[in-house]
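Following this line, the structures themselves.
Note that chain A is present in both complexes that follow, paired respectively with chain B and with chain C.
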Partner chain A sequence: MGYPHKPHPKETVVLSQHFGDVEARTHKGWVKRGGYEALAQALKLEPAAVTDVVKESGLRGRGGAGFPTGLKWSFMPKEKKRPHYLCVNADESEPGTFKDREIMRWTPHALLEGTAIAAHAIRAEVAYIYIRGEFTEPWTIIERALAEANAAGVFGTIKVYLHRGAGAYICGEETALMNSIEGKRGNPRIKPPFPAAAGLFGMPTTINNVETLAAVPHILTRGAAWYKGLCLSNPKSTGTKLFSVCGNVQRPGNYEVTMGFPLKDLLYDMCGGPPAGRTLKACIPGGSSVPILTREETEACLLDYEGVVEKGSMLGSGGVIVFDDSADMVYQIMRLARFYAHESCAQCTQCREGTAWTTKIMERILAGQGKTKDLDLLLDLSENMTGKTICVLSDSCAAPVVSGIKKFRGEFEAYLAGKRPVPVMVS
Partner chain B sequence: MTQSVSHGEDYQPVFDGKIMDELQTVLQRYPTKQAALLPTLWIAQREHGWISDRIMAEVAEVLGLTPAYVKGVVTFYTMYHQHPVGKNFVQVCTTSPCNICGAEAVMKALLEQTGAQDAGATSADGKWTIVEVECLGACGFATPVLVNDDFLESVTPEKVPEIVKKYR
Partner chain C sequence: MADGMINLTIDGAPVSVPPGTLVIEAAKQAGVLVPHYCYHPGLPVAGVCRMCLVEVEKAPKLQIACATTVTEGMVVKTQTAQAKDARQSVLEFLLINHPLDCPICDQAGECELQDFVFQEGQARTRYAEFAKRFNPVEDFGPDVLYVPNRCILCTRCVRFMEDVAKEPVLNVSERGDRAFIGIHPEARLDHPWAGNVVDLCPVGSLLSKDFLHKARAWELDKTASICTGCSQGCNITLDTRDEVVVRVRPRPNLEVNRYFICDHGRMHYKWMNRGDRIEAPLVRAGAELKATDWDEALDRVAAILRGAEGRTAVALVSPGASSEALALAKRVFTGFAWTGAFQVVMGEEAPLTGVPDLALRAERAPNAKGAETLGYTRDYAQALAAAKSAAVVLVLDDPDCAVETNGTLIYLGTVLGVDAPCRRADVILPIANVAEEEGTFTNRDGRTQRYYQAKPAPGMAQPAAWVLGQLVAAMGLAEAQR
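Up next is the complex of A and B:
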């Protein structure tokens, strides 16, 4: 449902069915709504059988990379010789993304149930839910739900613990998150080894996003075939997805649609389009780490993993950022570059220097002191930042810069010629 | 490395009595003592308001780590205060999606109306420290503002006087 707005008839409501319903937060209320049936069902199955159902459903990771969830689970050792761990990624810090927060606020038991099912499937006795430090309200709600679930004994032998982050976007990267749980600086680790071989505390580990896990109970109770049938375009993208829409739209919020849904309908029908008198200029469809789309690309884009790639970007986390014709793209891209410069963990030279220099050069352009060769310099820097570092934060900084220069070159050139590309906004 | 921490006469250790019991329950969640570092620092900050060198030394002692190691971790994360802050610690998101929805104006109104003046500075009465932060994960509710542990949504400059009055 289009939280905080009324549900829209074009939505397919699965994960968001109980958003706004306070009673669904309690254990009793959740059970009344059919909650914990999926877990009871899963605990009667062999772990491998649970993994097979999820594999069959086509569910892919909702944290950004879109990796098939069942396949990821199947990488865990079949024979258990050491402790296994599950990490739940509730670090949600990618600009434009605010869906996991809503899942945790309204349906904490959906996350806990999905967590316990996943832990069973990968034979983990302990699951850590890593919640970003700023999410004080979701923390309180999950903490209460967890206490209720423990009191009701729903998890059997599985232990679920909460771990609070302390302000660092990079801790959303899976191996940085594991370091952060271990009490270390949140530096991403070099892969391999991959987490399924040596993850948290050096033990076999699986990590999943909040939205991924919240979908799992539905798949178990309604079946893999039902989930697979939720598909409007490419059969490799199944199920529903929460899209967080923000920026210059009339009704920002979370909207749940079937994979393959037109981005145009999401933005115009559901979100009411840009504010009155404004037109859409650009859109970042998958959180700030993916390339920017022009208006034409946006209006022709289908929202699934393949559809967004076809238009030159990525589905990412499903955080949709909308810019109308009053937005100064050069300034906005500088803000994003500044974000990555601030959040770089500084291990890799290309990332540490690249994000800082990109921001500096963009600031210089904005101050009217840019040089003609600055655009080539930015593109050159970006190339050196792509595919060369321990994690993809560096690539993420380059994505909006490269696509921005390519698609909104006129605005950059206006600054270089000593003009302002769009009228100054009063703020 | 052996270290003897000189706490000084007036230093009241944080990890004593009830807080020590709380720490014991935290330690049970992890297979190593080191893993309890982030939650231990959270407890220390809750009790003391900020993470001083002395607190770092104490945390190092109770967890069997070195003060230098603890400092390395503290400085990595933005939410541990390495200096005292105002009674109200206010975090305002100014990242791009909130910026286009007017976050700058919210920041300006807060700085002016609380007397904090500068981002990061504390107001003369010690009541306010206002900082700009990156994405708070609530971009559809621009502008989100975190006042201590209270997460406020959709803050506009018009709502600032009410906030200032409530927390003053």
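Up next is the complex of A and C:
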């Protein structure tokens, strides 16, 4: 269901089947809808066998990086010498992304069931669900659902803790999230060691996104082959994915489609295209951290991990931000840069100083005081900010700047030439 | 090449290091100093300044030398265009908010930012027309000022307080380019070892109030010495300007003090510059003490010693005297019924929790162990009692010694108070202090360490070992004479 809209016929409704269905939020309602059957099935299997099913399904991480989930689980130590931890990343903070929020709002038990299965698969005795601080409604719903699940003995001996974020974007980065749970400043850690070797509290840890875990029960009940069959293009990208569409479209919202679905159909058929009288100008397909696509690239883009890369961007979190011809790309990019400058954790030099400097230059251009050299300077700074830091926040700031300048250079040059009015909302 | 060692190449030079060594340390063995800020061998690795980016063959992107462990056959290149560009860009980023106030900054001349910018940076900035971040200077503690504008957020100070001092009062506050080093609102940076954050700071952001605007780094002469603040034996450098000791800094010694010294030791130098020194030998002429030359003074002492040979002698010495002086202060009484004793001022012990066997020791003297080894006792009261009836009493650099004797009193010292009992001495000989002589101390663990002369002694003062050596020779007791 393209919640809050009625499901579109072209959607493949798996995760979003019960969006809008209040009764599905309760344990009783969830069981009535076939919930917790997958868990019962999983508990009959050896942990390694559960991992194998997920591996076979081709499920990949839905948080942004797209790492194969089964493979990630299999990195946990074979011989269990120390406590294992599961972290659920529900710190959905990527601008333009609001899919995990809907999963938690409508189907909290889908997440809890996936969590229980994953904890079994990686032999974790403790699971942490790290929920974005601003998500007050999902928090309340998950809290209630967890109480019900615990009362029903869903988790057996596994202890599940809810942990509330305090508003930092960077805490969605997996190692920063672990630091945050540990009570430390949410700074990303140097890798290696990777979480499977030394994660939360220094113990072997697996961290999965909400949408990834919500997909796991379906894979167990309907089988890996079914999930693998959900594929319209590249066989390396399987299953369904929720796309949060926002910006200049007539019907923004969450839409669930099979991997490989054309972005054009998502935007025009499901979302109704740009507002009347407007045309599509650009689109950020995977949350604010990925390169911007032009109209041509957008209309030719297939929504799977490989398809979006082919067009020069990334599938990321599936947060689709749409711009029509009324959008001022220079302003939009400045807003993104300002966001990253605000959220940089301040550890790495390039990120701490680079994101702020980039923002200042963008603001200067918008104020009509840009210099001819500014575009080359921005590109050079972005180059210096890419691939050199602990995490990818710095790269994420550079991506829209570089793609924006390359693809919409004319708009930048109009500002530099003094041919654009200074927008009202500059600072 | 030894078994179990890892072999790798750094800028073409083969090196062999133990497994687990970091590339940045292996590079030092190859004679390559990879520029860095956050890395410090005495602190946990942070990997945040991103300055030590180097090229590692087969790695998809540049690696930070401080957090990359060596592997067999690794090929590291620090001088490729890519690595140099990356480091140059880090310097450019660091400088955009760094005030170029080097002319008034205490760190200038020993600033790692200055050094590496000169080495690898560029002369111009592209961060034109924007204001630099500003935050006012903050008073962190009894001896530490924080100048946030100069801070490059390397977090060495934060990690020192958290992981070494184990008193985590500092943090990184705020985010992004607004970040600064914060201090707990109810805390002061007054840990007994807090002064190390000043040394650790690679720039002029954490400053010692004691050293503030005292001297420029390039005007300082540096002399290897041993701290006299306690019996730990921390290795230090005495910084002198125009023959005045102006600063004490730790000198790394992994076996004794690693990279650190305590604040007590750091401040334990002002007495080395005292102006009220005994500058000439003094001999008694009736009720008066008369200044004379060394020949007359030494002849006088030698005559006293010869006249008293075979009788009792007491030596009351300072445990801050060199082992050389202490040995000679015993040998000069060969043939006497000799008693030697010292007393140690005691204070509170203050450990540096994160480093085993490192503390400001309760025993506030550098050479008590040396004195003990040489046969001096701690029974000072008994020695004082014995001094009353002794034929000769020698007091070595103990200006407050409450000595009373019916025999002859000889005092070797740097200073002497107006009412000091040693004023009654028959001969007073001026000696050098620790900054003015070379010698050795034996620390509490039995480690004998040498210190060197940092400045000349005032007037006619001579090292105690020289003075006592002259007397030993005059008595025919020198090694060569035996």
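We take it that the second predicted complex is superposed on the first by the 420 of 427 C-alpha atoms of A that agree within 3 Å, B and C clash if a C-alpha of one lies under 4 Å from a C-alpha of the other, contacts with A are read in each partner's own complex, and residues count from 1 in each chain.
One rule holds for everything that comes next: contacts are C-beta pairs under 8 Å (C-beta built on N, C-alpha and C of every residue); 3 or more make two chains touch, one makes a residue touch a chain.
Every value quoted in this text rests on a predicted model; they were computed, and no experiment measured them.
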- Which partner does A:R101 reach: the first (chain B), the second (chain C), both, or neither? first
- Message: Which partner chains sit in contact with A:R185 here, chain B, chain C, both or neither? Use first/second/both/neither.
- Response: both
- In the superposed arrangement, does A:T355 touch chain B (first), chain C (second), both or neither? second
- Message: Going by the contact rule set out at the top, does A:G247 touch chain B (first), chain C (second), both, or neither?
- Response: first
- Check the residue A:G387 against both partner chains and state whether it touches chain B (first), chain C (second), both, or neither. second
- Query: Which of the two, chain B or chain C, is in touch with more residues of chain A?
  - Reply: B
- When the two structures are overlaid on chain A, which partner does A:A215 contact: first (chain B), second (chain C), both, or neither? neither
- Quick one: classify A:Q347 as touching chain B (first), chain C (second), both or neither. second
- Residues on chain A touched by both chain B and chain C 168, 185, 342-343, 345
- Note on the structure: Per the touch rule, the chain C residues reaching chain A in their complex are 45-51, 53, 61-62, 64, 67, 85-86, 89-90, 92-94, 96-97, 126-127, 129-130, 152-153, 155, 171-172, 174-179
- Message: So in the complex, the part of chain A that touches chain B is made up of which residues?
- Response: 4, 83, 92-98, 100-101, 132-137, 161, 163-169, 180-186, 201, 244-248, 252-254, 288, 319, 321, 323, 327, 332, 335-336, 339, 342-343, 345, 427
- Please name which positions on chain A make contact with chain C in the complex. 168, 185, 190, 341-350, 352-357, 360, 364, 373, 377, 384, 387-390
- Item | Touching residues (chain side chain B, partner chain A) in the complex | 29-32, 34-39, 41-42, 63, 72-73, 76-80, 91, 94-97, 99-102, 104-105, 133-142, 146, 149-151
